[in-house]
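Heads up, the thing below is written out as structure tokens.
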Amino acid sequence: MFATINEDVFRSYVFWSSILVLKMLVMSVLTGMQRFRKKAFVNPEDIATMPKLKLKTDDPDVERVRRAHLNDLENILPFFVIGFFYMLTNPDAFIASTIFRAVAVARIAHTLVYAVVVIPQPARAIAWMVPYVASIYMATKTILHFW
Amino acid sequence: MFATINEDVFRSYVFWSSILVLKMLVMSVLTGMQRFRKKAFVNPEDIATMPKLKLKTDDPDVERVRRAHLNDLENILPFFVIGFFYMLTNPDAFIASTIFRAVAVARIAHTLVYAVVVIPQPARAIAWMVPYVASIYMATKTILHFW
Amino acid sequence: MFATINEDVFRSYVFWSSILVLKMLVMSVLTGMQRFRKKAFVNPEDIATMPKLKLKTDDPDVERVRRAHLNDLENILPFFVIGFFYMLTNPDAFIASTIFRAVAVARIAHTLVYAVVVIPQPARAIAWMVPYVASIYMATKTILHFW
């Protein structure tokens, strides 16, 4: 069943998905940087050596990065799954590779305009929409193929 | 190692998993609908063109959909992984296909009774329990097989 | 393309990943236990039969388990993906198996020191760092391989 996967498409999928894994992991560093910068820690054991500090669970800059990270979980993780299934539907190699690249580039842009330098809307809406529509398309195509 | 996967079981896995990917993606639309209906936005840039609005992070209807979505991440995403591994343990084809279908139907029901029309308990508890027990079963079977 | 995966490495990947799926599923039980112990429920329908109770969304013990669970989603789910890709780069069998085992053991330790018995830092920082660095390593190796 995996024999039908085009080699070039598969390499594109693995490459761009790995880029997105790396991008997601960077979110933890961004969160940590904001926590230290704003001194916004949420666990008592994290400030045990800094008795003057109080816990802070609602810092807007920290929460912004957290929302961007959660949005990654909601969108990138399903993409890993549906991107893999989509390759089993014997898609056009150029279209499939282009989708994978577009999803990766858009999700990187999403992080940049949401959690690094805030850009006015509709920047984030567009960066979110591209992978979203792509995932809907791949899911629909897969469902129809495996009906 | 993948050669042992039964073709019918695999098709069932891909089909129902794709249905669940689509179902998860719908959560973003549900969240957006509640945000616009209740005017509950959490980012300053999202209300830049609506100066009368204030940020609102604790709307109960929005938070309900968010909890349903997070519950999807906690339960459906691990299912994608353990469902795939489980197929490598040479399971009975009927049992495996039935599990995949039951998980998908139950998770759709979970969303309906949690985030669309609130149904009294134990509706949500049951809808949550079926995929949960199924995942524990598949994980246990896989661990014993690959010991 | 999957033919290059070493059988022993693959078995190690499936085994330890299944252990981690099981570990993640246990988080729901831990959350439920804290909710009942602290009577901290967040949905009106969950306390419909207990009229004296009020909703409670900010119990520190419940939120601690929730944070540990979310940290699992952020770190273990990407590991499932990047661990699979990494096996396609023809890694040394001993190194790969050791990484998978180390990730699993460290993530179990992370849950224990974060959400079961709180241990002073840097216990949680170290338990978090091992899988994090391992995932960065596997992602980098995969990206360079599929460039």
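Here are some notes:
Per-chain residue numbering starts at 1, and chain names A, B and C are given in the order in which the chains are listed.
The definition used in the following text is that a contact is a pair of C-beta atoms (placed from the backbone, for glycine too) under 8 Å apart; a residue touches a chain by one contact, two chains touch by 3 or more.
Remember, it's a predicted structure, so these values are computed and weren't measured experimentally.
Superposition of chain A on chain B using C-alpha atoms only gives a rotation of 120 degrees, nearest 5.
Both chain B and chain C derive from one sequence, and where they touch, under half of the residue numbers involved are common to the two copies. Our note on geometry: chain B versus chain C, Cα centroid distance of 18 Å, whole angstroms.
Shown for chain A are the residues in touch with two or more other chains, namely 2, 70, 73, 77. Of all the residues in chain B, the ones that touch chain A in their complex are 2, 5, 7, 10-11, 14-15, 17-19, 21-22, 24-25, 27-28, 42-46, 48, 69-70, 73, 77, 80. On the chain C side of its complex with chain A, the touching residues are 1-2, 64, 67, 70, 73-75, 77-78, 81-82, 85, 88, 118-121, 124, 132, 135-136, 139-140, 142-143, 146-147.
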